[in-house]
Structure formats: structure tokens, C-alpha cells
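In the part that follows, the structures are each spelled out as C-alpha cells.
First chain A sits with chain B, and in the next complex the same chain sits with chain C.
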Partner chain A sequence: MDFLFQSILNGILAGCIYALFAMGLTLIYGVLNFVNFAHGELIMWGAYFLYFLMGKPFGFPLPIALIPALLLTILLGIGMDRFVFKPLRTANRLTLLIAALGLSFLLRNGAQFLWGAELRTYGFEIKRGLRILGISITLNQVAIILTSIVCIVFVYLLFHRTRLGKSMRAVSDNLELARVMGIDSKHAIQFAWVIASVLAGVGGILLALDTNLQPGMGLINLVKAFAATLLGGVGNIWGALLGGIVIGLAENLGVLVISPGYKDAIAFGIMVLMLLIRPSALLGRQE
Partner chain B sequence: MKRIVHLILISLGILIFINPSASAQDTYKIGAAFALSGAIAVYGEGFKKAVDLAVEEINTAGGIKGKKIEIVYEDNKSTPKDCVTAVRKLVAVDKVPILFGPAGSSNFMAAAPVAQESKVVMLSAQGAAPALTKAGEYIFRVFPSDVLQGKGISDLCVSLKYMEVPIMYVNNDWGLGLKNVFVENFKKAGGKVTDEIPYDDGKTDYRTELIRATKGNPKAVVNLTYITSGAVMFKQTYEMGIKTQWICGSAAKAPKLVELAGKAVEGIIGTYPVFSQETKEYNAFRAAWKKKYGDDKVPIFGEYNYDMVYITAKAIEKGGYTSGGIQKALFEVAKGYRGVTGDKTFDQDRGVGSEYGVWTVKDGLIVDYKK
Partner chain C sequence: MTSILEVQNVYSGYGKIEVLHGVSIQADSGEIVCIIGPNGSGKSTLLKTIFGLIKPKRGVVLFSGRDISLKEPEEKVGMGIAYIPQGKNIFPSLTVRENLEMGGTPLHDSRVIEKALQDIFQRYPVLEKRMKMKAGSLSGGERQVLALARASMVQPKLMLLDEPSLGLAPKVIEEIYERINAINHAGVTFVIVEQNARKALKSAHRAYVLDLGINRLEDTGERLLNNEEVKRLYLGG
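Up next is the complex of A and B:
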């Protein structure tokens, strides 16, 4: 029985990571109506910024390096928008998509140029997990789950309880109309990038703490995050969480039955099925 | 202002994308389609250092008949598709008669037919899949085939009395090929394979695969892994408190694995093709490495890459700078040639033989395993 519970925990963990990434994706999609394929690189750069600040010549300890690393990630996110996406604001979706893909390559190669393609770690000592009821969990993993929950609640409150969040939703519904109503759309868009960058940075750092750093780390998980976004309904924050957990659980429990060689196929199988059966996704967005 | 910012961005982009490879007329160009980015770049970077060391030595000693060697590196991005592109580029644009092929058996095998069709010699210093040189008479390897290693791992399990083991392997030509040889030998020796778990390399989460492999608490698990996935796996095994004896192949035997996974890899064992580290060739190599790079962390398979450059240089010297000439000369120059990795005589399948030893990690160092 233990291995079943452990698999469920593993599924939830993977799901939380997917959900953190999916929320950023869905947020930008919600506000700007395009899929940011460079989001994975934002994740990766977030993790590398921390690596950079913890290494020579700075050598900051983790808690001190965390905030500047996130600030740098925000800067990168806003920079992405300012120099690439903003000039293309009125362009069609295909142009935006290709621009995002190009940016993704540029940022990945950039990281490789600076840090090399090899694997890196933050260099913390590995610890045995805590054993609770026969399942083991590390402090890192507790942090992943808690942080995901905090982030989701935070984003939810922001979206539904604050003026800024409401203006972001207004911009998302209809940019022109929002402008006419006197909403500062520039401000709202910029803020969406800030939140998406923080989510990406936090997710990237947690992922790197749990595993390793590598220029492709964002990309591999982004595909799953994308599936989670589709599953939960594009533009829906709770949907991103639910989608992430469903995919995480499905692939981790599925592996117990079928050959692990098909692990990725499970996620995409679910995605295709969902698209065919219920295109409005698990939590359909009310039109 | 805006224009300046854009200009800076564009030039940055160009800097990142362009490979500075100066080409001069009076050099012998050798292609190298290496994994300099992507999933197994962790290997490619070490290979490049080893190749560069050998090239520097040969050039300092006067090159080949006075002409210097120049390596044209092409990034194969660790994917079979880009390996084909890289080899095509080296053959068509750089017109090299000989090239060093990609690491990773799947990648090498994707590129081999291209080299064979173009009648360009392609060498491998790492590929171990049994079928590797089947593409044709222009494909060589200076690395022993896994037919030997698969038996080595099976013998190791039997000698340690692990008669019931699950096997995990990287789901590609190398992992699958080695797994098949292992299973065949292990069954013949009376062993039982309890589960077969293929997995993709380069992922960040292997927890569930690990749980499935260690279901029923097997005393040992055979894991045919690379450095990247191995580091993640052993770390996650340790965190989950799973206790079992890991038995690996040669692809994980790297200082980098220990660097990445720390004490989680303490005590794992594995087989690897052995060559004596006491020979004068090896000592000279080690000294040269230390002089150039300032450490003695020779990357995995670095020695094979080093030997490959020397054999190539000898073949160009003897057969001339044409692919046909090199192809014929390779057999002659390698016959009885004692490199850093021992005897490099090619057999009729254009491969080399080897002995197998057992390695383990003890106090953070990779050492020979003693029972």
C-alpha cells in the first residue's frame, strides 16, 4: 500500500510544479491572448539567477539571494514584454507565437552561453526525507506544496478582490473597451508580467532545488504545464491548479500499471481526450 | 535610444548564435558533431576538452607533415535529427573526409548512414550499442561494444548473488541494446528479471519509476543510466529512503555524477571497460591533462576521445587526406597501436575489444570495486 500513497504524493508534487508553471502561462494568455512559449525560459532563468547570486563572486546564502533573484526574473519578464511583445501588441497571433518561440531559443542559448549546457546544482547537501505513515517527503517537497498553495491563493485574491486584479480581468475581456472605460491597460499588462515572472521564478527555483539546473529545464516541464492549462481551461487560475494535479497524478499512477516508457503519453492522451470530449475543459470559462 | 538598444540586442543575439570557427586553407580539417547543448551536453563538453588536448599536442609537435589539424565543431543538440543536420553540414559545407560522430548510440546511429552514403569516415569514441557499426565500412568505433558489457553486468550480479533483479534503462538504442544483452546473459546464468522499466533521459522527476522498480524491496536494481538522469534518480532514491544496491553500466561512471548527487551515490557499483591507468601512455595523458586544465578530473570517456584523435592523425599521415585513404589506413595504423585506453586494433566489425572492471563510489570518489 505504501507505494500507492507514495505515488499519489509524487503525483501531487509533480502536479504542483506543473500548476505553478501553468498559472503563469494562463495569466499571460488571459490578459494578452497569446501563449507565451518563452515562459519555460523565464522559469529556467529564475533558477539560474539564484545560482548566479549564490555563486562567486557574490556567495549570498539562499534566503538573501532569493529576493534579488526574483527581482531579476521580473526584470527579464518585463524586458521580454517591452522589447518583443509590446511592439507586436496588435500583430496577429501567429506572429506573436513565432516571436515567443524565437525568444525561447534566444534565452535558452543565452543561458547556455553564460553557464554552459552541463548540469548544475545549488550545492546543498542531500537529506533523507521525513517518514510519515510509511511515505517519505523532504522539506523541499513540503515547500513546493505549500508555496504552490500560497501562490494560488494569492493570485486568486489578487484577481478577484483587488482593483488591480479587476482591471487585469477587464483588459483580458476586452482591451479596447477597458481603455475606453478609463482603465490603465498598460499598467495592468505590466502587472500581469510581474506576477507571471514571480510565479515562473518561484517555480523554477523550487524545481531546481528539488532536482538540478539545466538550460532545458523549463522547456521539458512547460509542455506538461501547457497540457495542464488546456485541461483546466485556458485563462482559469483554479483550472491550472486542477489541471496540473490531474496530469501529475495520472502520469504517476499510470506508471504503476503500464510501462514507464509511456509516461509522457498519459498526459497527452488525457489532453487529447479532454479536447475531444469537453473542449470547454474541466472548469470551462464562462463566455 | 531605441535604435541603440535594438542594435545591442541584435548583436548580442548574433554573438550567441555564431560559432567562431576560423577556417584556414593550410590545415587538415576534421569534423566533430558533438553534443554541445541539449540533454547529453554533459558528455559533449568533456569530449571536446579531451579532443582539444590531443589536437594541441599534435599541432605543437609539428602537426601532420607540417600541416596543422583543425577541428570543426558542430553542435548536434543531443537529438538524432540535429545529429543528421550537423553531419550533413560537415560533409557538404566543410567537406571533411573524416569526422568524429555524436555521443549517444541513438544519435550516432541516426548520423551514421549519412556519413556512409557520403563515403566519409565517421569515428565514435563512446557509442556502445552492439549495432553501432552496422551502417557500413566507413563507420568505426574506438570504444568496445556492449555485447561485452551486458555480459559483464550479468556476471557481476551473479557473482554478488543477486539472482532476482528488476532492470531500469534509458529508453534509447544504447539502453535497449545493453538491456537485451544483459537479460539474455542473465537468464542463461539462471537469474530472473522481475521487472523492466524503460525511462526517458533528461527528466526532472523519476520518483514513481523508482517506486515501481523497488516494489517488493529487491536487494539490487540494475540501472543502465546516464549521468543526468542517474544523478536525479539516485538523489530521489536517497530522499525517499529507499535502500537497495544499484548496479550501473559505464555511462554513469563520472566525477560529475558524484558532484551532482553527492552522498546519494555512495556505494553504487557498475561495470566499465577497463584499461590500465599505470601505463606510460596513461601517465603522460594524465600529466598533459593536468597541465592544460589544472585538475585531474578527466571527464568520462575523455581518454577514448584522446586516442581517437591520435589514430585519426596517424591515418591521415599514412593514407592521405581522402576518405578512402583514411578508411584503409585506419586498420593499419590502429593495428597494435597502444593508446591511453590500451590496444586499439580494429576487428572485422571496425570495433575494438576490452576487459571489463567494476567501479564504485567511495567517500565521494570513483574507485575500483573490491568485494
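Up next is the complex of A and C:
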């Protein structure tokens, strides 16, 4: 029984992080109508930026390094758009897809070049988890859940209470119509990159805190985020949140039935299943 | 009467494909001008060219005497021109209220937007009742009313409507045109493109018939409605 509860907790933990990834991915899809396959590299670079600022020669403590690390992630996200995707705005989807894949390779290999392919950690001692009702939870994991909740509430308030956020949703619904209304779509698109980068950076850092850093961490998590996005309906940010949690739970509960070695296959399985049942999810959103 | 809109000998199209081959129309302040014509005659292209979504290759568009041919849509909204595209003309995942707020974007100040919103709710109680609903859950007629109300947020002088009756039941079309007439009585000029032209011609002060990208006819709405050639060719007998 305890094992079940533990799996549920682990599932929610993983799900929170996937949700952060998926929300950013789906936001960019909504606004620009393409899947950014380099989104995983924003996740990975976010985590490495923090590693970089905490290591030599800076040696900043985590709370101080956090903000500049996220700012660098935002810069990377905006740079991606400015130098790769913006010049291709009117190109067809296949061109965009290949550009995004190429960018993903470039950034992944760039990180490998700088930091090597080996696993790294932020160097915190592994503390024993607190035991509550037979479930073990570490302080890091409490931080993951709290940070995710803060991010989600922040995104909710931004999208539903501010004019900029509402304009972003409008652009995501119908770019041409938003223009007709005098909404500054360029501004909204840039802001979408900022939000997607922050969510990716925060998620990447949380993930690295809980596990480790590795240049390939973005890619595998992109697949999870992609599955979550499909599950929630592409372009739907709250669907992505829910999808992320479902994927996290499915993976961790699935381990009770099948070997943990196949854990990553579960997200793939859900993705393939979604594409088989609802291929329309990829092509467009229902009104 | 002063002319609010003048389109003079405009050539326009998409990329290399030219759709309008020298079209001229004109609207006086306070008029409802209707443009009819078969599919592919360039009606929608004309509206898009007036609004600046497409730039004319030749010819000029004058708004209150100023040349606005090459201005961007964003600027034109600020000058008092509203455009309602055909079909998908609301934000389905935004609430009715948020849709209206988006229409108020050029007003900038939140308090001014809020005031405009309250004015709209007074004129359209049906929208106030639905304000928290997702616009995507509205009926076709309600969507069109919302689109009209949203365009009214900035109190435009000129409204460009692309097929407001598209896909609506006759009774609903009736209601939409009542709304249009009401806005027109308050002094707003309309240029309306319609394929389903009977209702539009009844409301219109003047109308143009466009065919294959050139002007075919121009007359009062009433007379075009009774014109045998127009009846036969464009109103389905």
C-alpha cells in the first residue's frame, strides 16, 4: 500500500515537471503554429546555466544564481526565435521542423562540448527524505511541487488577469484576427517565448535538482512534454498541465506492473496511442 | 455629403496573382455601401486592400481625404476603421468579455476600455448575460453580434464587413442587419461585402456589383435589387 502511495507521489512530482515543459511547448505551438523540437534544449540549457553559475569561477549559491540562470534561458529562447524561427515565419512546416531539429542537435552538442557527456549534479548532499504516513519525500521534492504550483498560478494570473496575457491567448487563437484588432502580435510572440523559456528553465532546474544534469536530458523530456501536449489537446495550455500530470502518474504507476526499464516507453506508448485515436489533435484545435 | 472612403482604380492581389484589375468605389459619411458579386470576383480582396492586409499594387485608398493606401492595419484601426473578416471572426477560447476587451486594444488605457465595455453591455444586454462564457460556445448569430460589438469598442467611423450573413439562418440575418442599421443610425459608415445579397441590398444606400475584379454596376441598393440583369446573374433568378 505504501508503495502505491509512493508511486502516486513520484508520479505527481514527475508530472509537475512535465507539465511545465508541456505548457511552454504548447504555448509556442499555439502562437506560432509549429512544434519547437528544440524546446528540450531550453530545458537542458536552463539546468546547465544554473550549474555554470554555481560552479567555478562564480560559485553563486542557488538562490542568487537562479534569476540570472533564468534570464540566460530567456535570452536563449528569444535568440532561437530571432535568429532561426523568425526568418522562417512564412516558411512551410517541414522547413520549420527541420530547422528546429537542427537547432536541437546544435544546442545539445554545444552543451556536450562545454560540459561533457557525463552525468553531473549541483553537488548538494543527498538528504534522507522526510517520512510522512509511510511515504518518503525529500525537501527538494517539496520544493519541486511548490515551485510548480507557483509557476502554474503565475501563468494562470498572467493569462486571465493581464491584458498582455489575454492578447497572447488571442494571438494563439487567431493571429490574423488579432492583427485586425490592432494587437501587437510581435510583442505577444516575443512574450510567449519569454514564458516558454522560463517554464522550461524552471522545469529543467527542478529536474536536475531531483536527478542530475546531462546533455540528453532535454530530448527525452521533450518526448514526455510532447505526449502530454497531445493528451491535453495541442495549443491548450491547461490541457498540457493535466496531460503532464497524467503522463507522470502513468509512468510511475506503470512501473508497478511492468519493469522500470520500460518506464520511458510509457510516454511513447501514450503518444502513439493518442496519434492513432485522435490524429486531429496534431493538425488543429477544435473550437 | 462628404466622402469618407474613396478607392480609386485599385490593382491588388496575392503575390503574382492579381485579383483586382482597377476597382473604384466610394462611400459617403453615414452610408451603407454594399458590394456584391459572385465567388472569386474580388470582394474580400477589396476589403482586405482597403484595410491594409494587402497593399495595392496601383491606385489609391483615401480615408477622409488622406491617402492610406500603404498604411498597416494596426494604424488604420487607430484612425477609426474596423474590419470584421468573414467566418472565423471571434476568439473561441476567450470569454465574451475578453473578446470585447481585445477589441478595445487601441484604446490602451484599461479604464477607458472598461468604460467602453460597459457602454457595449448597455447596448447589447445579450452579451452581458453571456460575458463569462467562452465565445466558442456561442451560436453563429451570437458570434456575429459579438464581432460587431467588438468592432464597436473603439467607436470606428468606418466598418468593413466581410459576409456578415455567412452561414446564418434568414431570421438571424434579419437580426444582424437590424444591428447594422442601428449602428449606422448612430453615424457609422459601412462597407459590406455579401454573396447572399438580397438582405444586404435592402439595407444598403448604394451598391456596387463586382465581377472578375472589375466594376460591373453601381446604383442604389433598391434599384439593383430590381435590376433584371443583377437578379438573373447575381441573385439567383
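Just so it is clear, the second predicted complex is superposed on the first by the 264 of 287 C-alpha atoms of A that agree within 3 Å, B and C clash if a C-alpha of one lies under 4 Å from a C-alpha of the other, contacts with A are read in each partner's own complex, and residues count from 1 in each chain.
Methods note: a residue touches a chain if its C-beta (ideal position, glycine included) is under 8 Å from a C-beta of that chain, and two chains touch if they have at least 3 such contacts.
For clarity, every value in this text was computed on a predicted model and none was experimentally measured.
Novice: One more residue to check, A:Leu133. First (chain B), second (chain C), both or neither?
Specialist: Neither partner.
Novice: Go through the superposed model and pick first if A:Ile277 touches only chain B, second if only chain C, both, or neither.
Specialist: So A:Ile277 meets neither chain B nor chain C here.
Novice: Just to be sure I read the superposition right, which of the two partners does A:Arg179 touch: chain B = first, chain C = second, or both, or neither?
Specialist: A:Arg179 contacts chain C only, not chain B.
Novice: Just to be sure I read the superposition right, which of the two partners does A:Thr211 touch: chain B = first, chain C = second, or both, or neither?
Specialist: A:Thr211: touches chain B, not chain C.
Novice: For the three-chain arrangement built by superposition, which of chain B and chain C touches the greater number of chain A residues?
Specialist: B
Novice: Please indicate which partner A:Leu94 is in contact with in the superposed arrangement: first for chain B, second for chain C, both, or neither.
Specialist: Touch status of A:Leu94: no partner.
Novice: Considering only the touch criterion stated at the top, classify A:Asn252 as touching first (chain B), second (chain C), both, or neither.
Specialist: Once the two structures are laid over each other on A, A:Asn252 reaches chain B alone.
Novice: Can you list the residues of chain A that meet both chain B and chain C?
Specialist: Common to the two interfaces on chain A: nothing.
Novice: Quick check: in the complex, which residue numbers of chain A touch chain C?
Specialist: Those residues of chain A that touch chain C are 163, 166-167, 169-170, 172-174, 176-184, 236, 285, 287.
Novice: Going by the contact rule at the top, pick out the chain B residues touching chain A in the complex.
Specialist: 5-6, 9, 12-13, 15-17, 36-39, 41-42, 44-45, 171, 196-200, 202-205, 207-209, 211-212, 215, 227-228, 231-232, 235, 238-241, 256, 259-264
Novice: Would you tell me which residues of chain A are touching chain B in their complex?
Specialist: 3, 6-7, 10-11, 13-14, 17, 83, 106, 109-110, 112-113, 116-119, 121, 125-129, 131, 136, 138, 207, 210-212, 214-217, 220-221, 251-253, 255-256, 259-261, 263-264
Novice: Going by the contact rule set out above, which residues of chain C touch chain A in the complex?
Specialist: Result: residues 51, 53, 73-74, 77-78, 83, 85, 88-94, 98, 101-103, 105-106, 110, 136, 150 of chain C touch chain A.
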